[in-house]
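Just dropping this structure here.
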Amino acid sequence: MTPDAAAVTPSPPVPDAVGRALRLDDLADAARRALPRDVWDFVSGGSGTESALAGNRAAFDRLRAVPRVLAGQPEGPGAWDLVGVRARLPLAIAPMAYQRMLHPRGELATAGAAAAAGVPFTISTLSSQRIEDITALGGTPWFQLYWLRDRGLVHDLVQRAEDSGCRALMVTVDVPRMGRRLRDIRNDFALPVGVSAVNLSPEVARGPQDRRAGASAVADHTSSAFDPTLSWDDLARLRERTRLPLILKGVLHPDDADRAADLGVAALVVSNHGGRQFDGAVASVDALPAVRDAVAGRCALLLDSGVRHGTDVLKALALGASGVLIGRPALWGLAAGGQEGVRTALSLLDEELREAMALSGCADPSAVRRLRLVNGPCHTPD
Amino acid sequence: MTPDAAAVTPSPPVPDAVGRALRLDDLADAARRALPRDVWDFVSGGSGTESALAGNRAAFDRLRAVPRVLAGQPEGPGAWDLVGVRARLPLAIAPMAYQRMLHPRGELATAGAAAAAGVPFTISTLSSQRIEDITALGGTPWFQLYWLRDRGLVHDLVQRAEDSGCRALMVTVDVPRMGRRLRDIRNDFALPVGVSAVNLSPEVARGPQDRRAGASAVADHTSSAFDPTLSWDDLARLRERTRLPLILKGVLHPDDADRAADLGVAALVVSNHGGRQFDGAVASVDALPAVRDAVAGRCALLLDSGVRHGTDVLKALALGASGVLIGRPALWGLAAGGQEGVRTALSLLDEELREAMALSGCADPSAVRRLRLVNGPCHTPD
Amino acid sequence: MTPDAAAVTPSPPVPDAVGRALRLDDLADAARRALPRDVWDFVSGGSGTESALAGNRAAFDRLRAVPRVLAGQPEGPGAWDLVGVRARLPLAIAPMAYQRMLHPRGELATAGAAAAAGVPFTISTLSSQRIEDITALGGTPWFQLYWLRDRGLVHDLVQRAEDSGCRALMVTVDVPRMGRRLRDIRNDFALPVGVSAVNLSPEVARGPQDRRAGASAVADHTSSAFDPTLSWDDLARLRERTRLPLILKGVLHPDDADRAADLGVAALVVSNHGGRQFDGAVASVDALPAVRDAVAGRCALLLDSGVRHGTDVLKALALGASGVLIGRPALWGLAAGGQEGVRTALSLLDEELREAMALSGCADPSAVRRLRLVNGPCHTPD
Amino acid sequence: MTPDAAAVTPSPPVPDAVGRALRLDDLADAARRALPRDVWDFVSGGSGTESALAGNRAAFDRLRAVPRVLAGQPEGPGAWDLVGVRARLPLAIAPMAYQRMLHPRGELATAGAAAAAGVPFTISTLSSQRIEDITALGGTPWFQLYWLRDRGLVHDLVQRAEDSGCRALMVTVDVPRMGRRLRDIRNDFALPVGVSAVNLSPEVARGPQDRRAGASAVADHTSSAFDPTLSWDDLARLRERTRLPLILKGVLHPDDADRAADLGVAALVVSNHGGRQFDGAVASVDALPAVRDAVAGRCALLLDSGVRHGTDVLKALALGASGVLIGRPALWGLAAGGQEGVRTALSLLDEELREAMALSGCADPSAVRRLRLVNGPCHTPD
């Protein structure tokens, strides 16, 4: 590992809260106590009225599974196909910006925990650690691409991702602009000094630190740096240019999924961006079945937004996903206890998923895919 | 602009609350603090148990949209066809009575903000500013007609609306009598001195100021002044008499919509009067699809009742409306900050709608109309 | 009118609360303050977990109507056919026991208000005033019959009902035993001294005053006095024996409704006894459509349980009822203000129903029957 | 009865709370006050987020029955066929471990009350009283079998169950591992000294008393003692080996029900283990109709999880169960008042079921089976 800020700022001892955490919500509580209010709000909040944020949880809670019994138990550690890589859990760490805001080691801690847990880590375009420092940790790094106005920078990032060993390129397609996150605006949110998108040029990276009354500096930066004109043609050209499998993140509509499959993407992430972008959006998990039917197996499906329990992972898989992305929970772990906190988050999900599989009679991934779900209040008594 | 009360009562400096408002609810909070309780209640309340009022919001919240991606972004300012006029937003200010109750400049402030924002302003029959003073502000004035017992007055109002340049005539058809608004009755509500329906004859206009225990003077006035016998034949004759496009406000039933379309109206406002009339009514937005199907394009559809967010506008358009009417939010802005407050309300909606379109992948109005919606808790998992 | 307790105990002056009441809930509040806690609980409570009680309201609230416009307005006072009698409102007072518990004049006050309002009053088998004293007030008295073990008493009551001018015989069929009303049991509920079922023999009538720890004396009395074996054959014989039209109260199942129609009853009351009997019962209004379809016009349908607003009356009529029974609200009025209180309850419903009809575009009863309803959260957006 | 700990620790006098209990929830309140917090949590809690636990109640509450009238009343005490035995109530006591934790006499008190009430009692593999001491009480004992790693112990238990007169063998199939019950883990839960699974060998039984920080000793014991590989073949062999009727407990999926019926089981318990195992599970009562259809009468169906009222029993029977298992409510009674408390629990259910049958017009079990149910918020108005 190359020297970095984290190397000189020693991780604090793991707080008791992490050691005692029994579920991801416990890590959220610990993170809330550990973080400045505005950083907590940035991590936890959604856009607008936060109705999409709340809707993601409500949708999972409504879904109930009909478990099987006597079906044999999982043997040994899990082995999941996650967009062509073998993972120990059917999940990857979602791309999330500026992780040094939450912990001095930032992405290095998160990626380190992911590598140790055997799951992919997605390096954000807005990573606050260098791509090469993260990939040097091993594991399965993926690179997430925002479509920047500076097209040279885009190509440079893709090149660096390829060169440093990233195994997939995940293009986020649901941020033509940043959703209005009212908490951040009320907080005059800006990045703390010393945290920036180190993989961009300093001029491009500087914006999010310029605190301004009545505005989110991060959102303003997005407006100026991102190119909202990203098109299907751009993606087709990108696909020609790179040898990495392409993952499109932020697809909810079956027609878009169909077109993406035609384009030859390796996977889609069915996502409403954790309720941070379009506040009127359908819950990701409610959108999944139609996307699955449209794609009909031509590419893999990942699901994110609202996954908080092993049973959520199980439900997503039962509806056609081959895995999920974990966002906020990883950051909660990071804030609460650095790499050990992230490890705890992944370990809790692992434990919960194993439990959910064992208790629903799913000995292997194919059994999970066949699991029957019902939607809470809407089935009839006979 | 002709001299008026507002000209001699200077607008108060824009309160901070308006400048800091991030959504319409912030303006509601500011208005609640600025207004006497009984005026706030008059503006905010509904009829009966206020179940229609609450139902309007619940219906919008249940509806979720399935956004598109990579569909191109809106270019430049919006251009919407709103009943034959080009508007910068797919909305108009709803007709609302007695606006000088909320601010000395009343309708002049609201209409001024509307004109500046490029959206129609509907002058109420019960306007507390003169028709001609409002139309002198320019913009796109519409005139709203209550069917008064004094038929001469009706014809006089229509004539004045035509002569002063109103661009449409909106006849309200859901007030054969005023809904029982219990808050107003409990408050012994009457108009403040100096506020009246200045476009009516003084004798007709006087009633709403006569405070009486256990009664709403405004409701009593409606009973005595409005003619509950308004019929389809009356509307047919009115249509012959005026050269203005006719808009019917307050239609929820598809058979009424069908008949209105046959009559040759330019547009319908699908509305339950913001929950202020029939307390048992279906939510406007829940009634919209059947009305759209019945009309089948023969006239335009507007939607009001409960629109509070840009995503609500988007949902209404996706279900077949070509625009919405904004009621209480404009009054909140007016109470909180006069014309600047109304401007803020419109500006917030503009910003939210642009955001909603951008994030749902709608580059133009036709894309919004094709947006797919689902109804929250009632779809099945596969 | 014969001398009675009420004649010597003058009614208290009408409390302000009655005069200021704007809806039935206001009368409930006044009654709660006026009554001893155990009497309030007896009147307000339901059986078991009170889930049927709550379900009745939830069902009405979910139903929403699609109003018509420009349909003409009601002319003059209402004229409704209520099981062969012309009523000024589509409602009757439900049979309710022991009304002198709530006010010294008891049933005389309630029946007097009903007669004045032009609606039927149902004399309970457990009336605390004499049948003949009530019928002497005029109006449209109906007699409600509980099937007593003392069959001679049954025939005697029917004879007295006929002789004194009752216009219909309503047989309650949903009390083979009394539902367990936990509030009453916790309160060791018994009738106050001086209140009893004066139309029964003293021996039969005495039981409900015997307060006993851990029991409801009223419920115990029901067990000993009522005959749970009432059968279709008994009803057939009763129908032969009496010249009065027969109304069956407490039918929820379409097959029972069908059989009752075959038997030649004049009407059914679709009712779950206001949530006081079978705690697992479907809401009355949710049961109505299937009953209507089964009966197919062969007899009239009344609806009770949960009617609290004019819009509820409208909804029941739109689903096929020709009227409703009003229970607790009449007692609230009685407790709060004697006959004037009941008059207020009826007057509020009258006003609310007129408003609901006017605002939903229903000029007459046949228009109400054609009104379209939707069930709140379960329709689809397109 | 053989001497046992309970014989030397006299039962406390029956607390008033038991004598005054009007429904099972009253016993829960009394138990909560009587028990140490960690024991209460062990009894009351569920796994994970306790969503399955809550879902069981919500499902029952949504279901509403359409009662019949004039159908004749039940005669004399009930006579129900419960998996080949005649019971006085359509219920049995569910298998529950370690009942001496709740009362010194433990299973002897519970089983004694069951015998007196004429309903089966299921002896848990983890019983804290000896099988033979329980069966000596008479009544209808059933034996519940967990599939232990020590197969000799399994065969020994089956043999003892047969020899001591157990009338059925109930194999629990939904505990391949114990669900993570977070309350127990937070409480460092372990069995009190003196309470253990006395029917297992001391070495096997010892584990649950070893309190360990951050763990449930009971759960850890399950992991080490239970064999998660239990298969259909094991069950087939078990069925060959024993002459007792076989009941499978924990089936929710119709395909599993079908296979079990093919195997020749006498009955299935449709159960999600009271929300203590798979937190993502469908409510038991929501799963029942599909299981009933799959089984098509080839074996009996019992239902457990969430039964708290006589109306719940009625609903389960109406959906195809021939009886229910009662779990926590029996323990509440046991904790609150020993055998008398359990007797009270059964007596309340008896009273409530008789009431529910009488008030829904069900004179006998076959009428209950024909009862029509609707699912609360999801039927349409016409």
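Labels A, B, C and D are assigned to the chains in the order they are written; within every chain, residues are numbered from 1.
Assume a contact is a pair of C-beta atoms (placed from the backbone, for glycine too) under 8 Å apart; a residue touches a chain by one contact, two chains touch by 3 or more.
Quantities reported herein were computed from a predicted structural model and do not represent experimental measurements.
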Chain labels contacting subunit A and also subunit D: none
Homomeric contact subunit B-subunit C: same or different residue positions, threshold half: different
Inter-copy rotation, subunit A to subunit B, in degrees (Cα atoms; steps of 5): 90
Rounded Å distance, subunit C centre to subunit D centre (Cα mean): 42
Rounded Å distance between subunit B and subunit D, as computed from the means of their C-alpha atoms: 59
Subunit D, residues touching no fewer than two other chains: 63, 374, 376-378
Every chain pair in contact, whichever chains are involved: A-B, A-D, B-C, C-D
Subunit B to subunit C touching residues, read off their complex: 48-49, 51-52, 55, 58, 62-63, 173-174, 176-177, 179-180, 182, 185-186, 214, 228-232, 235, 248, 250-253, 255-256, 272, 277-283, 286-287, 289-290, 319, 373-378
For the subunit C and subunit B complex, residues of the former touching the latter: 19-20, 22-23, 61, 64-70, 72-73, 309, 311, 314-315, 351-352, 355-356, 358-361, 372, 374, 376-382
